[in-house]
Amino acid sequence: MAHKGTTHNKAFQDTAQAAQNCQSVCVQSIQHCLEMGGSHVEPSHMQLLQDCAEICETTATMLLRSSLQHNQVTAACATICELCAQSCDRFAGDPQMKACADECRHCAAACQQLVQQQPGGAAGTGHHGTP
Amino acid sequence: MAHKGTTHNKAFQDTAQAAQNCQSVCVQSIQHCLEMGGSHVEPSHMQLLQDCAEICETTATMLLRSSLQHNQVTAACATICELCAQSCDRFAGDPQMKACADECRHCAAACQQLVQQQPGGAAGTGHHGTP
Amino acid sequence: MAHKGTTHNKAFQDTAQAAQNCQSVCVQSIQHCLEMGGSHVEPSHMQLLQDCAEICETTATMLLRSSLQHNQVTAACATICELCAQSCDRFAGDPQMKACADECRHCAAACQQLVQQQPGGAAGTGHHGTP
Amino acid sequence: MAHKGTTHNKAFQDTAQAAQNCQSVCVQSIQHCLEMGGSHVEPSHMQLLQDCAEICETTATMLLRSSLQHNQVTAACATICELCAQSCDRFAGDPQMKACADECRHCAAACQQLVQQQPGGAAGTGHHGTP
């Protein structure tokens, strides 16, 4: 694809990859938590894993198509990834939860960086404001 | 499902329904635009239709599971729906684009209202702030 | 949208609606099962609810764009919906599981009927065979 | 995640990765085709790219959660990937279409192999037959 800005494109693709990796580990983590049972299947924890998988998927797809409207979505993705990481942190000694927290934080950082690179890009404001 | 707040739940379900309706009409509109060709397949217009379909799907799913983290996503959905409606407005006399703009605006309004009902719920801020 | 076959289109839209309804009730049921705990969160049951929600979403989207390639997907959707309904049947006296089983069976029937209407449309065969 | 069969798991993860790669290139290809215009935006070609992206996403997610019900979906994914590859083949000399065809064929082969490994796994039959 011939995009005008190569640097722009590289940041988009790297963040899309981070979001896809995060989605994958969240989907696997949901299955892991169901197999573990107990506190692993607390509704709030499982809800965050599902929310995180879905917003990561949407973010990845928008970035892969170089969407001009990605900014608020990317910012929301950063927030949810960070909350999901914190929820995973509570399961000390569980390698799947550790791996999930790591991917969530990696994705959150990539999203946050992309949001700050946008013109007027404070998280959640968007550079294509609704009138 | 036994949810604590029935009113809360009703607003969530109505907005989820609006988002699903918006997603559906966007998916149909993409096909319509491809069949029409010409200015209907301008990249910026088609990108918005795709973005709108996807963020509506994510928003609907989060609301259906009564997600505590829906706020920034719902706000992003409102923004993208409004931009998509504006893009559809340019095709005067095309009933599919008119129907799409109407559903987008209906969804944007429902999302905006839900965001404003949240504690501390200014659009994009989120009531579960990342530290 | 000006489609050639109105009848064709009507069956597609009705089945898409059934699939979206089924997706919605599955997403709500996942949350319900997490809140219930116990046998409601058995991995096999929860896996089916997730699989069913996702294949219904894909089926709905393909039908909404009148996809020529929907046949194997629609057949897979019918299979998974029926298995999900059977899994929900085990929770006698739970209205959410009852509602979920009902929507799954409604969607399975709609999908099955659509598959049988296709030229050469035995389930899983597809009318656009891979070479 | 403690899965019983490591080999089983490896094939699932490799196929999930192939499906995610295929989804990504299809999403990028849709944007590329919109930017190219002309025969690149023929409805049948664009429909296949969208169908392929979506069934790949569903397949990847089902495999990532080691779904017992993946078989018909994986078979459908193989069919649609092959059809999408054939549609991309028509654009000789276009590197994005070439890359897309390659990823589609890689995913189709991985899916086909996984389907044949299942007990009773002829494509489209499924090893968990609906009664």
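As written, the chain order gives the labels A, B, C and D, with residue 1 at the start of each chain.
Rule of thumb we're sticking to: a contact is a pair of C-beta atoms (placed from the backbone, for glycine too) under 8 Å apart; a residue touches a chain by one contact, two chains touch by 3 or more.
All values derive from a computational prediction rather than experimental measurement.
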What's the overlap between the neighbours of subunit A and those of subunit D? B, C
Please report how many Å separate the Cα centroid of subunit B from that of subunit C, as a whole number. 23
Centroid spacing, where centroids are CA-atom means, of subunit C and subunit D in whole angstrom: 20
Taking each chain's centre as the mean of its CA atoms, subunit B sits from subunit D at a distance in Å of 28
For subunit C, jot down the residues that touch at least 2 other chains. 30-31, 35, 47, 50, 57, 61, 65
If each chain is a dot and touching chains are joined, what shape do you get: line, ring, star, complete or other? complete
Name, in rising order, each residue of subunit A that touches subunit B in their complex. 44, 47-48, 50-51, 54-55, 57-58, 61-62, 65, 67-70, 72-73, 75-76, 78-80, 82-83, 108, 123-126, 128-131
Residues of subunit C touching subunit A in their complex? 30-31, 34-35, 37, 41-43, 46-47, 50
Within their complex, state which residues of subunit A touch subunit D. 1-2, 16, 20, 24, 27-28, 30-32, 35, 57, 60-61, 64-66, 96
